Amino acid sequence: MKDEVRVTIKSDVDVVAARQEGRALAAHLGFSTGDLALIATAISEVARNIVNYAKQGEIILKVAEKDGRYGIVVVARDQGPGIADVARAMQDGHSTSGGLGLGLPGSKRVMDDFDIVSEVDKGTTVTMKKWAR
Amino acid sequence: MKDEVRVTIKSDVDVVAARQEGRALAAHLGFSTGDLALIATAISEVARNIVNYAKQGEIILKVAEKDGRYGIVVVARDQGPGIADVARAMQDGHSTSGGLGLGLPGSKRVMDDFDIVSEVDKGTTVTMKKWAR
Amino acid sequence: MRVPILKQGPYLIASVQSALTDADLLQMRDDLARLVGQHRSHGVVVDVTALDVLDSFAARTLRTMAYAIRLRGAQMVIVGIQPEVAFAMVQLGLSLPGVDTALDLEEGLALLNRKTSEDHASEG
Amino acid sequence: MRVPILKQGPYLIASVQSALTDADLLQMRDDLARLVGQHRSHGVVVDVTALDVLDSFAARTLRTMAYAIRLRGAQMVIVGIQPEVAFAMVQLGLSLPGVDTALDLEEGLALLNRKTSEDHASEG
């Protein structure tokens, strides 16, 4: 098993690839079927945001370990336009594109850790973690 | 193909003319049938708002180009009463005339860019853009 | 242009043309409500096949019309909403709650036949 | 990969595959709206049994699709949402308001039969 998987995100096909890679890695780490669906969905959301708002970027999947427990780390990174009001973007239903506005807040809900750093004109990095039970 | 089409908006007949001109220009730019319906509907909404709320004004249709991609720019401009609370007017279901209150927020949803500038007693300008895929 | 309205047996058929103005739509609404009474029609088909845009004013007027015609004791069905018009409506947030729709004139008339025999069924 | 769409009597069945891209989903949406007219179908089953993720884009598109197909005079039902996919949707905050769902293809077809015969019930 590789320590790190990188998926370049440029189009909707890469969004599928990223969630499949994430699911495979998480399955390997012993996550339950329920958790696999949560992880794959969260990856799908942040990867699509890259395509929609930043045109391109990457998803990095890593293994975390702490006190003998394994976890998955998902980093979604782009050098796109960034988010002016991150607090607002994290609100349920807020979308600048006519979307449902549930991608970011929903992903935060289903992962154990969720961190977002964004700077206008510099880009956005979302880092999410989930531990296997 | 002219670079710019102007349609004077004074009555419901002009609303039809504006959306037909917009559809023709967009068809020329290679938009899909689905997008043509979206563009024509959005033009219909902002043109009708001119008739309803400002009595008269104009719709300006322009071509945009960026990195070899074409787009359509729709400007709806009037010197009517303006909108006191633009944020409120942009909310689904808000109408001061017993309408559905979906014209402005709906148009924003279906176009790629949407910008509205309004000043009380001065008038309103809506600028919308959509890119051909 | 005034929307032509045809009488076909117990039904009325209104065929909307592409360049439908708000005034034409309101005229059709009033014509239909009047003609339903005049011809004692049991149903109305509004055919929008030719229409390339169904915006918020049209959606609202069609809704109002369907309810008013029901209050006059008849049924109304809208037929011929084109796929791209349907998607545009949905994306704009428009809907026709409580209004019957069918694919085309034939299906619309079939729906009216079923609906009106429903009324008669419970009558007997 | 384009979603295969089968005609079965008065219905259309779309069988979504696991690696569904956004473009595939939009293509299926457009194909279904067109085919409903072409085959005069009264109902559409979208089978998502193979799907392991139903994210916010998919949820929104399925909703749009169901409403648009209704405007075209047909019924749509989604079948085969897997338990873990359903839980993930709920936890993310996604829902399919006003959209019919059934356990599997068989139940979906039965639901369509009931829905469309509801219209027909009073015919005889």
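Assorted remarks:
First chain written, first letter: the chains are A, B, C and D, and each begins at residue 1.
Criterion: contacts are C-beta pairs under 8 Å (C-beta built on N, C-alpha and C of every residue); 3 or more make two chains touch, one makes a residue touch a chain.
Just so it is clear, the structure is predicted and the values come from calculations on it, not from any experiment.
A turn of 75° superposes the CA atoms of chain A on those of chain B, with the angle given to the nearest 5.
Averaged C-alpha coordinates give centres for chain A and chain B that are 36 Å from one another.
Measuring from the averaged C-alpha position of chain C to that of chain D gives a distance of 26 Å.
Counting partners per residue, chain B has 34, 109-110 as the residues that reach two or more other chains.
Counting partner chains per residue, chain C has residues 87, 89, 91 touching two or more of them. Taken pairwise by the contact criterion, the protein chains form one closed cycle in which every chain touches exactly two others.
In this structure, the chains touch in the following pairs: A-B, A-D, B-C, C-D. On the chain A side of its complex with chain B, the touching residues are 98. Residue ranges of chain C in contact with chain D, taken from their complex: 79, 81, 83, 86-87, 89-91, 95-96, 101-104, 107-108, 111, 113-115, 117-118, 121-122. Across the interface of their complex, chain A is touched by residues 19-23, 52-57, 59-60, 82, 84-85, 87-89, 91-94 of chain D. Chain A makes touch with chain D in their complex at residues 12-13, 15-16, 19-20, 23, 33-34, 36-38, 40-42, 44-45, 48, 92, 99-100, 102-103, 105-107, 109-110.
By the touch rule above, chain D contacts chain C in their complex via residues 29-30, 33-34, 36-37, 40, 64, 67-74, 119-123.
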